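See the structures that follow.
Two complexes, one shared chain (subunit A), two partners (subunit B, subunit C).
Then we have the complex of A and B:
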């Protein structure tokens, strides 16, 4: 390697382009540093530092949304900065901000070290942001592994709880398996694209543009190894988003993981999967002959499985996990539609935002209602919530209503956009399945609402209630939950700038 | 303030009053009544300002557009609306003031006055509406407020039943009304009253369907059954809603849509009105409740108005049909007579009801006329004003009823002698039952403790009586009205020459026969003199009154209820059982199955991945 080449590579390292990720990393380190420096009494303020820091980064990101590096490749084509990537960056920042907030509610109920939690959340967020912008399989894999390894720790964070440990172990095994599949797929693609015997072979088989041009040449897209590689990569991503048949781990892990981590998995990890899927769909576009039918069937199966399995759940974390599976199905519907209808990408992004707002509203309520045993959150615990805490009950209703897609909430508009896109793309059968799924989903979401509003605590529930301290909602949490609920309502009526901003391609 | 703005204020003031009372003043009865009376004063003042200031205008604002259907909210304020608004405003104000005294001890003061305000809002809306759709909205709103106020004493089973009855019976009529509006829109492309008058399709069905609404609201045969029961409401409500204004809205609506009328439809309307007038007068004779007598009298008088409307052109229109302009003019003579009688009737019937309210209040809520008597000396002011009201309704010369009833009789005389005979006979009955009522209530000796200890009410109870008595005396002189209602009053038919003599003589004769007959027949006793002297006739009249209710009861209990039970049975089996529960059961089974797949065993989960991979491999290899 000549000095020239190194210099050239160094020149393309535009550190400013990943300033948000760098800031998050620094903030993460700062938290650890503060823990060492500050006296024990003041350590309670560290999460607030994380919160404020992230808010600052978010504001900075929003101000510099249309940055100079938009639509360029940096770091020797490891990263590619697109509008979509910027949207996802904002999304992940908001998500980690809210996870930090949830952590501030949930962690004090446990005897665990606190600051590391926020540290890891920040690192994961930075990795997710890079993941959404990666333009190279090495970058993608490294970022993905950073996310996954972070989650291994977070899922088993409540290490005194056997549920949490079990969930951690399961996530570790399944995650390792899926990483292996992904890596195998990448290796196959690398091999086939770099094979000099094939037309259009490339010297950069790991780079997305090289791979795309290889696949677009001749009959390469129909090459068995290429097709296998594409599908194996898809399998790796399907694990992340929880799509059928790689969704089976979800209820167990979601139940065992601490509530903020469950939220992060359900929203952040899933969205990261979709961001990657969108990027790869463009790379793999010559393979859409294979991808479209496979994803269509996956979407239908995911919607049906998620909704029907959620019907009979009593544990709210498992229920949300399975409902999250069904949401992944709806999003996959948008992904399939996006192959032919460009507006579907905007629809998926809008759906993700609506899902983020509603999910965090619900998880916020769950974090408050949860007792000392974080894995034990049954529907029965919500009986009479409307009486004991009308504020939380109202937020819960708005969140669940939005997840169910009840007009005029944001979730309804999200579903509507996706269904319109699917209709335009002509996926009528899938649309029918999705509508059945929506109908079924209303049943279990409303079962939860019914528990909160129309049921009185039973005798056994009374015991639980009695053993629990009175739920008190802190000021920050109150403000954030109110904002989430209000945003959910407002977005349902008026998509305005966010709608335009998300849909702008 | 422009006239349009003033009209809008007139419309919205009572709504605001109702809203304020409903939201803030539910526990503050005194304040609520003040707010409501203030709103009524505002309506009366604004109505008179608009009417007497000779402001006539139309204004509309588009409300919404759905495809080809566009609906607007608008105000049409012509002479007809001006007259009606003045009547509603003045009578409404009198009754609001009367209510202040009458309802003073009622615990649900605020609810009552809130109801009155919402009623005034709805009624003013009907008067001002410039299209049928808007009219219908307010039409339903008066029905709603009527429901509220009839059931004001809802603890009483009979009151809540009566409220429901009134509401449901009105639904029947309103269904026809709605169909008429839809048909009118469908065939004419508009429901705007002014647009309709310049261009519309001749059809018999549309006016008759619209007339259904009037049959319900103005309690014509066969939907008259709700009005007598509606007397369960407080007496001022009966005066305002079930005598002076709301029930007259049916007549007003007919006058609004008179351009749509065709001869055959008018014949139907004429006979409906005539039959109602006669039937109700016959029923009134046997009543012992002071308010029920007045209720049947109202029915009868409404029948007169409907008949007058239907009579208008019946004969002439065939002769002059070659010249539509003359036909149109003659057609409206019915409007003149009907609206004239509506106005005078509003005055004297409100007076009579408020008089009966004063009596009931004085006698500690005793309503049976056979337990009254001797109130002439106990309640002199009520006695004299009530006497004026009775004289006006039976057509005593030179009082309000004399002129308006003569106009109707003349119209009947000129157009249809059979109807004339029936109406003249009805007038005899009117005078009979009114004098009976008057004599039993006020003359003779008190027949109960309550009557013996009766006393005149306060100022708020008597002042409205005096005002309405004055109006009942003067209301018939059209020359006394300012020259602003000429659009309506010029249409009142006036008899000339020999016809005039015939009409005056007939009207005097029927009044005298009835009055003298009643005076001679009825003794101030605790039992009905007619029942003693001729039990057969009395029994027949009672049976006549009850026949309608019996038929409806039979229909509801035996026909409708059984049909409903059959439908319920089918619904339980098919919809609720098979489709709803069946589908839910299947979904639940799927759910249980899916749940059972989550065994919690890591090995099994890995096999899931393996299975998924196999499928993917098969896809990649082109096997699937």
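Then we have the complex of A and C:
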């Protein structure tokens, strides 16, 4: 390799293109530095620094939404900056902002170190942002592992709770297995696409553009090894989003993980999986003969499994985990439709944002209601919430209603957009399954609302309720929860820029 | 010659990998892992990837397996207290066997790749110089991200293993 080539490669590393990720990384390091420098009394301010810093980065990202690097490749084609990538960047930043807020509510209830939590959340969200823009399997895998390793730590963060440790161990084993499947798939694709004896072979079999051109040549998309590789990569991603055959870890891990981490897993990790899935779907588009039927079956099974398994749950974290599985199914429906109907991509993004708002509203209420034992959050604990704390109960109703897809709320519009896209794409059978799923889901969401509004604490779980201290909602949490609930309502009536983004596609 | 060496090493890797899973004694399992890694390193040498082979031996066989053995010694469970594999129902075992055979058979039948001359594609892992150049130019960003990965991994070890005494409660 000559010096010229090396200089050329080095010049392609445009650090300005990943300014938000860089600033998140620096902010994370700053938190650790502050912990060392500040006296013990002032350390309570560190989460606020994280909050304000992320808000600043978010504003900067929104102002520079249409950057000069849009639709270009940087870092020697390791990254590709697209409109979708920008939307996902905003999404992950909002998610980590809200997780920081939840952490400020949940962490003081436990005897755990504080600053490291915010540090790891920031690093994970930066890695997710890189993941959504990666254009090369090396970059994709490194970013994915950073996200996964961060979650291993966060899931077992409440180390005094056996549930949290169990969840951490399960997530570690399952995560390692899914990484193994993904790597095996990548290795097969690399071996096939880089083989000089095959037509259309490429010098960059790890890069997405090289791989796409290989798969599009001749009968390569029907090559047995290429198809196996594509399926294995899909399986690795399906683990992250919790789609049907790979959803087995979800209830235990969601129950054991600290509430803010459960929220981050449910929203951030899932959205990261879908961002990667969209990118890969474009790369693997010559293989759609294989992918469309597989994802169709997966979506139907995921919707049915998630909804029917959630029916019998009494622990609210398990319930939200399994309902999250069914949401992954609805999103997969959008993914299948996006192969033929481009509007489905926007619909999936809208659904993700609606899901983010509603989920964090519900998780915010959960973080307040939860006692000292974070894994033990039963439906009975919500009995009489409407009387003791009408504000939290109202936020809970709006969040759950949106998750269930009740008409004026954002969740309904999200489901409607996806169903319209699926109808246009002609997936009628899948659409029928999805509507059955929606009807079933209303039952368990309303069971929760019923517990909060119509049951009295004396009827059931009175001992737990009596021993619980009065719930007090801080000012920041009150403002954020109000904003989340209002955004959920407003997005249902008026979709604004997000809706324009859906319509433009 | 290459073919014989490949067959020998591949057999070694597969058998020792099975050994890692089925060994009742933890120390035997670790030794099987060592053997497996040596076999993989041998495969890398056969592919002219000397650097990878060297790193694999140094890091995994040298450091990681030694660490495993240290932990086994510290736990001091006499190496034979591992419960046996739980027996699955007969139908589950049959289904697993059929799936395994079908998978292997379809790979054997359909997964043939024409093998090119080895010199056709010089690997990045062949020499230290080539590898280092790539690492600090083309793959600079992943290297930086791995820096953060190692940092949070280190933090995680501290957070999860250290007892946290100070519990100043927020208002």
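By our rule, the second predicted complex is superposed on the first by the 497 of 505 C-alpha atoms of A that agree within 3 Å, B and C clash if a C-alpha of one lies under 4 Å from a C-alpha of the other, contacts with A are read in each partner's own complex, and residues count from 1 in each chain.
Simple rule for what comes next: a contact is a pair of C-beta atoms (placed from the backbone, for glycine too) under 8 Å apart; a residue touches a chain by one contact, two chains touch by 3 or more.
Computed from a predicted structure; not experimentally measured.
Applying the stated clash criterion after superposition on subunit A shows that subunit B and subunit C can sit side by side. Contact with subunit B, but none with subunit C, is seen for A:181 once the two complexes are overlaid on the shared chain.
Draw one line from the C-alpha centre of subunit A to that of subunit B and another to that of subunit C; the angle between them is 160°, to the nearest 10. In the superposed model, more residues of subunit A are touched by C than by the other of subunit B and subunit C.
In the superposition on chain A, A:301 makes contact with neither subunit B nor subunit C. Of the two partner chains placed around the shared chain by superposition, subunit B is the only one that A:313 touches, whereas subunit C remains out of contact. Applying the stated contact rule after C-alpha superposition, one finds that A:248 touches subunit B and leaves subunit C untouched. By the touch criterion defined above, A:108 reaches subunit C but does not reach subunit B.
By the touch criterion defined above, A:157 lies against subunit C but remains apart from subunit B after alignment on the C-alpha atoms of chain A. With both structures placed on the common chain, the touch criterion links A:471 to neither subunit B nor subunit C. In the superposed model, A:127 lies in contact with subunit C only, and not with subunit B. When both complexes are overlaid on chain A, the residue A:416 reaches neither subunit B nor subunit C. For the overlaid pair of complexes, the smallest distance between C-alpha atoms of subunit B and those of subunit C rounds to 6 Å. On subunit A, the surface touched by subunit B in one complex and the surface touched by subunit C in the other have residues 224, 228 in common. Residues of subunit B that touch subunit A in their complex: 584, 587-588, 590-595, 597-598, 600, 602, 604-606, 608-609, 611-613, 615-617, 619-621. Considering their complex, residues 1, 6, 9-10, 13, 18, 25, 28, 40, 44, 75-76, 78-79, 108, 111-113, 116, 119-120, 123, 126-127, 130, 138-139, 142-143, 145-146, 149-150, 152-153, 156-157, 159, 168, 191-192, 194-198, 224-225, 228 of subunit A touch subunit C.
Within the complex formed with subunit B, the residues of subunit A that make contact are 169-170, 173-174, 177-178, 181, 224, 227-228, 230-232, 234-235, 238-239, 244-246, 248-249, 251-252, 290, 293-294, 305, 308-313, 440, 443. Subunit C makes touch with subunit A in their complex at residues 106-107, 110-111, 113-116, 120-121, 130, 133, 136-142, 145-146, 148-149, 151-153, 155-156, 158-160, 162, 164, 166-170.
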